[in-house]
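Each structure below is given as structure tokens.
Both of the next two complexes hold chain A, though its partner changes from chain B to chain C.
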Partner chain A sequence: MKKNMWVAGVAMPVMIGLLLLVGSPKLRATDQPSAANAEVRIDNFSFGPETLTVPVGTTVTWTNRDDIPHTVVSTDGVFKSKVRDTDEKFSYTFAKAGTYPYYCSVHPKMTGKVVVQ
Partner chain B sequence: MLRLFPIKGFLGTGATFEADLNLVVQIIMGGALIAGTLLARRKRYTAHGICQTTVLLLNLVMIGMVMWPSFQQQVRPALPKVLYKWYYAAAAIHGLLGVVAEVLGLYIVVVAGTRALPQWLTFKDWKRWMRTELMLWSIVVVTGVGTYYLWYVAPFGQHGVR
Partner chain C sequence: MTDKKQDFIDEKLQELNNDGIDRRGFLKCMAWAGTGLVWTMSGGIPVSRAFGKSMERHGHKGDFSFVQISDSHMGFNKPANPDVVATLQAAVDKINGLAQPPEFLLHTGDISHLSKQEQFDNVDQILKGASAKDVFFVPGEHDVLDDNGQSYLQRYGKSAQGSGWYSFDKKGVHFIGLVNVMNLKAGGLGSLGGEQLEWIEKDVKHLKHSTPIVVFAHIPLWSVYPDWGWGTQDSAQALAYLKKFGSVTVLNGHIHQIMQKVEGNVTFHTAMSTAFPQPQPGKADSPGPMKVPAEQLRKVLGITDVDYVRGQHSLAVVDSNLG
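Right, the complex of A and B next:
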């Protein structure tokens, strides 16, 4: 009986502690998704996807697949690319959460949005 | 970001506000040049001179404010390798003819309105020079409208983007 109580009193907390140690990185990964890269394709006079949702710290790269030049300009002045010709890219890393609407300054009908969570 | 004008144009095409403003101003200026020609036919030469000079100077403002920056930003870096595309070719033809028309117009104004140039740089065959200028200007307006269409109307109509 004494032996059983020792197991319950010492071994159980150790096991629970071990389980927490193993499990905690997974919990952290779920709560705070790791930053990655994301792509926006500029094609056919539109941004695709038009709305992109990414975690904080993500670097978004826009690639111009059109045969004419485009730009990527934040409506709020957060980022601004130079004119990007065919197959040229522009990247920006989003360090803060928020919604970042943007447009092509050459063709302002082309609009998009990056939602950073 | 401080902007002088709104981002989107007001003509309902895919153009910027500056491009729409420029198109409207250019069409008005084309009309003013024709009106100025009629003034000359009625022998109202002072009014004719003021009208044509005003158009030339206003066009200089539009070149500096809209067309030159746009050309520098979008077309010049890609030249000459992309001239096979109408998107660039139309703008390049318009730009080249536009510069010739503006310089020729200013030359005519200086010869007609001042004595700044030496005798050998002046001319007396007014009608021929001015008709040439009016013809060239008309071609520039047409190529300008064509460029606007290729840049801001055709892509959005053809592909049905918003």
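Right, the complex of A and C next:
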């Protein structure tokens, strides 16, 4: 009885613990959610999704799928793309939490927001 | 107004437009037709005549005409028009075929599609073939991308102020070129800005009330369709400075279709593009390039011929398509 208790109570947990420790780098590599990257699609004079919520450190990439050029400009001067024609992209990495409203400076009615948490 | 007077006016309107369509219906219809349309003001009542019936030219020394072209979007190459060079050339051919050669051209912006030097170069080259050698420009939002309008100004704004506004006189008519595509704010419309508004006030202060005024700017100076940004948020102030004048003609582009509005002494008019059409307000998800069957493309692109006849109350605005 003493032996069984020892196995169940100590050896097993230790072994499982060791296995987890050994295995975790593998776990980390395959199980990593792609919170590091997010996409916004520009089409039909709009940003999709209009509000994007991402974790700190995410790189957001805007891709213009419209047949007209657009820009991505932060209303608070945080980021500003050059003009993006069809299929061109713009990326920005959000290192700080906060709310980042932006718009297209060519067609200012087009607005969007990135919320970084 | 007495009933008798109102009846008389209605009768006259009916006579002038006796094709069975009332003025509102006609405006709605012709705004999209893109065919030749003559608008003149006669004693404050807008009178329309189908293009083709010759305008009586009084042959006064002070008479002249000019042509407005707009939205050439040099560099655009998507399905709505894969060859904007050809259609701009067609516009030049149309200009050169006019019975009365224009004195000069006005280009109301979106000269280029991406503000690139070679795109501006291309337009300049093509316009060299027009009978009228002088061209006056104002920028569209596509002409001031990335560099805050520096390329545009270096090329077209040598005698302009601020972001490219200026005025000039031709045979007693005062022309004012305005810029409403700079420093656009999120969620906003076109914008003139305080500095430009102050300049407008000074520019017209000492002009006689009888001086005919022509204002040209890219984005419409009246509220065509705010949801799509088709308007200028501070144009009311500019128009207030022009209230004293008996004849004001406002020529705009940006919306790639003909729209007309008459308000008191002010006639607002937008031109077709020489590159591609756009949908009517609210008739599509967005105001982007509209694809039409290839054989119809030239029917919805065009130029605007404007006649000034000395002594007439106002300028006659004639739209014609490219084919």
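The criterion applied here is as follows: the second predicted complex is superposed on the first by the 82 of 117 C-alpha atoms of A that agree within 3 Å, B and C clash if a C-alpha of one lies under 4 Å from a C-alpha of the other, contacts with A are read in each partner's own complex, and residues count from 1 in each chain.
FYI, a contact is a pair of C-beta atoms (placed from the backbone, for glycine too) under 8 Å apart; a residue touches a chain by one contact, two chains touch by 3 or more.
From a predicted model like this one, the values you see are computed outputs, not experimental measurements.
Once chain A of one complex is fitted onto chain A of the other, the partner contacts of A:G77 are limited to chain B, with no touch recorded for chain C.
In the superposed pair of complexes, A:P108 makes contact with chain B and with chain C alike.
Of the two partner chains placed by the overlay, chain B and chain C both lie in contact with A:S46. Shared-chain residue A:I68: touches chain B and chain C both.
Shared contact residues of chain A with chain B and chain C: 44-46, 67-69, 75, 83, 85, 103, 105-109. Those residues of chain A that touch chain C in the complex are listed here as 44-46, 66-69, 71, 75, 82-83, 85-86, 101-103, 105-109, 111.
Those residues of chain B lying in contact with chain A across their complex are 1, 7-9, 14-16, 73-74, 77-78, 82, 85, 87, 151-152, 155-156, 159, 161-162. Residues of chain C touching chain A in their complex: 78-80, 113-115, 141-142, 145-146, 184-189, 227-229, 285-289. By the touch criterion given at the top, residues 44-46, 67-69, 75-77, 80, 83, 85, 103, 105-110 of chain A touch chain B in their complex.
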